[in-house]
Amino acid sequence: MTTLIRANLPVLVVIAPLFVAFILPPLARRIRLVEALALLGAVLGLGGAGYLASIVLTQQENPFIYQLGGWPAPWGIELVAGSLGVFFLLVVGVSVPVLLFAQGNLAAEVGGAERVTRFYVLYLLLVGAMAGMAVTNDMFNVYVLVEVATLSCCGLVSARRYPRAAEAAFTYLILATLGSALVLGGIGLIYLITGHLNMGFAAQELSRVWLARPHVVLMAVSLIVVGFGVKAALFPLHVWLPDAHSTAPSPASAILSGLAVKGYLICLVKFLYGVFGPTLLQEFAVHRILTLLGGVGIITGSILALTQEELKRRLAYSTVAQVGYLILGFGLLNVTGLAGALFYLASHAVIKATLFLAAGAMLAATGKRNVRDLAGVGRKMPITMAAFTIGSLGLIGLPLFSGFIGKWYLLLGSWEAGLILPAVAILAGSVLCAAYLLPVIRAAYFAPAPEEDWPDPGRPQKLALLLLAAAVVILGVRPGPFLELAQKAAAELLAFY
Amino acid sequence: MPYTALDYWNMVLMLILVVTALAMYFIKDLLHAVIVFGAYSLMMALIWLQMNSPDLAITEAAAGIGMTVLMMAVIFRTSRKGE
Amino acid sequence: MRDFILKRAASLILPFIFVYGIYVILHGAVSPGGSFAGGIIVGLSFIAFSTIYGIEQGRAKLPEKVLVWTESYGTLWYGLMGLVGLVRGVPFLANKLAGVDLGTPGTLSSGGLIPLIGLGVGIRVASTIVTLFFTIMEEER
Amino acid sequence: MSGLLTKVLINYPYLVAVLLFTIGTFTVLTHPNLFKKLLGINIMESAIFLMFVASGNIRGGVAPIRGTTNAEAVYINPLPSALMLTGIVVSVSVTAFALALIMRLYKAYGTTDLRRIAARRKEVISDDHLDQG
């Protein structure tokens, strides 16, 4: 049994959540059972990811290659759990505390046992698709997983019975489908000139033929960057994000901002470095465009966040800014910058989940959406606000919190690349981040406490918030193994440069 | 031009495809637009057949009809004039 | 919609459409078509039935409980078929490697696990499309 | 005839694919009606499918189906059409989901026109928070 599990680990990590998702719908009446099973599914995924990570990290098998259906690589679908895959699988573990937060209080937000069950089904589908994106090495498989993730994201956005949510979901669906059509077009062009769908083989073939067909390759690069850019809310293409992320129920907002966007970015990294390769990127100056868009995204996203009154919208715009950091790191084209971007991806997943969950808890308890109405909330809901404070400090990038390490490596990376403007953008982003998050904290603690009774949320919610806040601090104080993993992944991605 | 008879057939079908696609943008009545969508996906199925993908042709035909039916159901429950 | 001719014609044609859908599903491995197309055809035969005989009649044929079960366990069936390979100690979704008898090429039973997988997918597609149609038609204006 | 034009005319399926993609994208981005946006998405996706399938097609080739072809036939590449089967499945599910959303939006706003929805947004939603509608 153990050998069976060990031998099939990459595929089990992906299908465990999917299996659980499809058991759920007929059990909709027994809501407790559904919740327990959903949590079990996410925990199984995380446990498998941990085991896989231990196998890959102890060099028993690195990378862990798995051939679906027993068909070898150029013909069959190949799953590869290298450093990057394992890294993102561990990041997907953020879904466990978020699911814990959803236990028991979701019915108030989405209404009805049937709708709660549907929420869990979509959530587990999203988790499975994310895990699949981490390990797959086949371009068309990436497209399918991206579509599964997109549809479940849209379902999550429209989970609340609120016309605005349906509207946001429709906009998201339209734009995301546009994005995936572009990605599919890009994949088609690559297939057209290389004849391979496996990323490794396509990369080899591409490095040989791109000189003969530079225009097709350029077209493919631009289609893929724009396609994933729409899905990951890269700066000028972010219009759908604030509505979608602020109208979703709180656990969904946490997972959408924390993970879903990151899944598309990981796919983008796989395409940029695993298929096209750094040399090609440099040839077409794609890395400069990415850095530029990232820098502009940081500044604009932060300024837009500063102008928002609603807390969840402010956090949603902040996601646009943080995606800017990641894209900037992808464009730096050196190991330090890429490792920084990857580590920042992980820490932002944790931090944004904390912030959205804390904001959701405050919204549920107080019923106040706007920042200025939340004065004094820190005295009534100490644990929630403490988690929010830790998350904010992490996002600002103070030392001892996880955001700092990512930003520090990004700074070092831009120094190594000899670029001043990205460094300026990173620092300015931090200052602006402080400007839009610190007033919330100041009002929460230093304003007089209101008369209303605002209790802290229930026990599972508190546990989830504390787990995530602890993760923010632990990643900041002892980034050791995780940072090493990020550096190793970055070094592998840039190996042929 | 090394075109064969098959190519001319394809061209005619693709011309209809483009015309129906344009018509879907311009037609005001939604029910009519959905009927044109049915024609569009029939043309698409014929093109798949011409391009030696019978598998795709059957699926496209079934999916096109299914989607047309569902869209008509939605229009029947909402409004035809698109307001 | 309560037309006599329509009802008689439907009662003659719909069974054949239904059987044709099953045929397309089961022959997915050896001829064009497949579980998705066949599933849509099966679903459409139910949709046609409920438009002609009325939604209530259609609901009586396919109650919501049945639809929920077929919808989720049709997909689960796919995964279980994939696990067959895993249990035999070969990769996920393996077919011939898992020791399944593939039969003579070109005949109906030559797909190994594929027709079984297709059956699950077809049932799932059919029930999804029918569910969607029912939810659209039953939503009050 | 110049070389480029000949190339373009020989590869007319790609030309049509690009044309259809443009029409579809234009419909998606500019038409205010939700339904038309949905039709536009379908056009757009089938344009991509057309490009894929055209890349696998060979002039004078036949589909590799057992028992229907003779020994010396030239087979087309069946992989792109097999992939696009999945693509059609995806586009059908997107359409189905969008139809469900359109129903919900019509129930809330009484219209499927984005401009009218924007105008009615204020009346329909009170500024209250956990607002089940």
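Read from first to last, the chains carry the letters A, B, C and D; within each, the first residue is number 1.
In this text, contacts are C-beta pairs under 8 Å (C-beta built on N, C-alpha and C of every residue); 3 or more make two chains touch, one makes a residue touch a chain.
Nothing here was measured: the structure is a model prediction, and the numbers come from that model.
**Q** Report which of A-D and A-C is connected by more C-beta pairs in contact.
**A** It is A-D, judged by the count of C-beta pairs in contact.
**Q** From the mean C-alpha coordinate of subunit A to that of subunit D, what's the distance rounded to whole Å?
**A** 27
**Q** Subunit A to subunit B: how many Å between their CA centres?
**A** Computed from C-alpha means, the inter-chain centre distance equals 37 Å.
**Q** Averaging only over C-alpha atoms, locate the centres of subunit B and subunit C and give their separation in whole Å.
**A** Spacing between the chain centres: roughly 24 Å.
**Q** Enumerate the residues of subunit D that touch no fewer than two other chains.
**A** Subunit D, residues with two or more chain partners: 63, 65, 85, 88-89, 92, 96, 99, 102-103.
**Q** At least two other chains touched by the same residue of subunit A: list those residues.
**A** none
**Q** Where does subunit B touch two or more other chains at once, residue-wise?
**A** 54-55, 59, 63, 66, 70, 74, 77
**Q** Report the complete set of touching chain pairs.
**A** Contacting pairs: A-C, A-D, B-C, B-D, C-D.
**Q** Sort out for me which residues of subunit A touch subunit D in the complex.
**A** 108-109, 111, 140, 144, 147, 151, 154-155, 158, 160-164, 166-167, 169-170, 173-174, 177-178, 181, 184-185, 188, 191-192, 197, 363-364, 367-369
**Q** If you look only at subunit D, which of its residues touch subunit C in the complex?
**A** Per the stated touch rule, the residues are 63, 65-67, 85, 88-89, 92, 96, 99-100, 103, 107.
**Q** Can you check the complex and tell me which residues of subunit D touch subunit B?
**A** 6, 9-10, 12-13, 16, 19-20, 23-24, 26-27, 31, 33, 35-36, 38-40, 42-43, 46, 49-50, 53-54, 56-63, 65, 76, 78, 81-82, 84-85, 88-89, 91-92, 95-96, 99, 102-103, 106, 111-113, 116
**Q** Looking at the complex, which residues from subunit C come into contact with subunit B?
**A** Within the complex, subunit C contacts subunit B at residues 24, 32-34, 36-38, 40-41, 43-44, 47, 129, 132-133, 136-137, 139, 141.
**Q** Which subunit B residues qualify as touching subunit D in the complex?
**A** 1-2, 4, 6-7, 10-11, 14, 17-18, 21-22, 24-25, 30, 33-34, 37, 40-41, 44, 47-48, 51-56, 59-60, 63, 66-67, 70-71, 74-75, 77-79, 82-83
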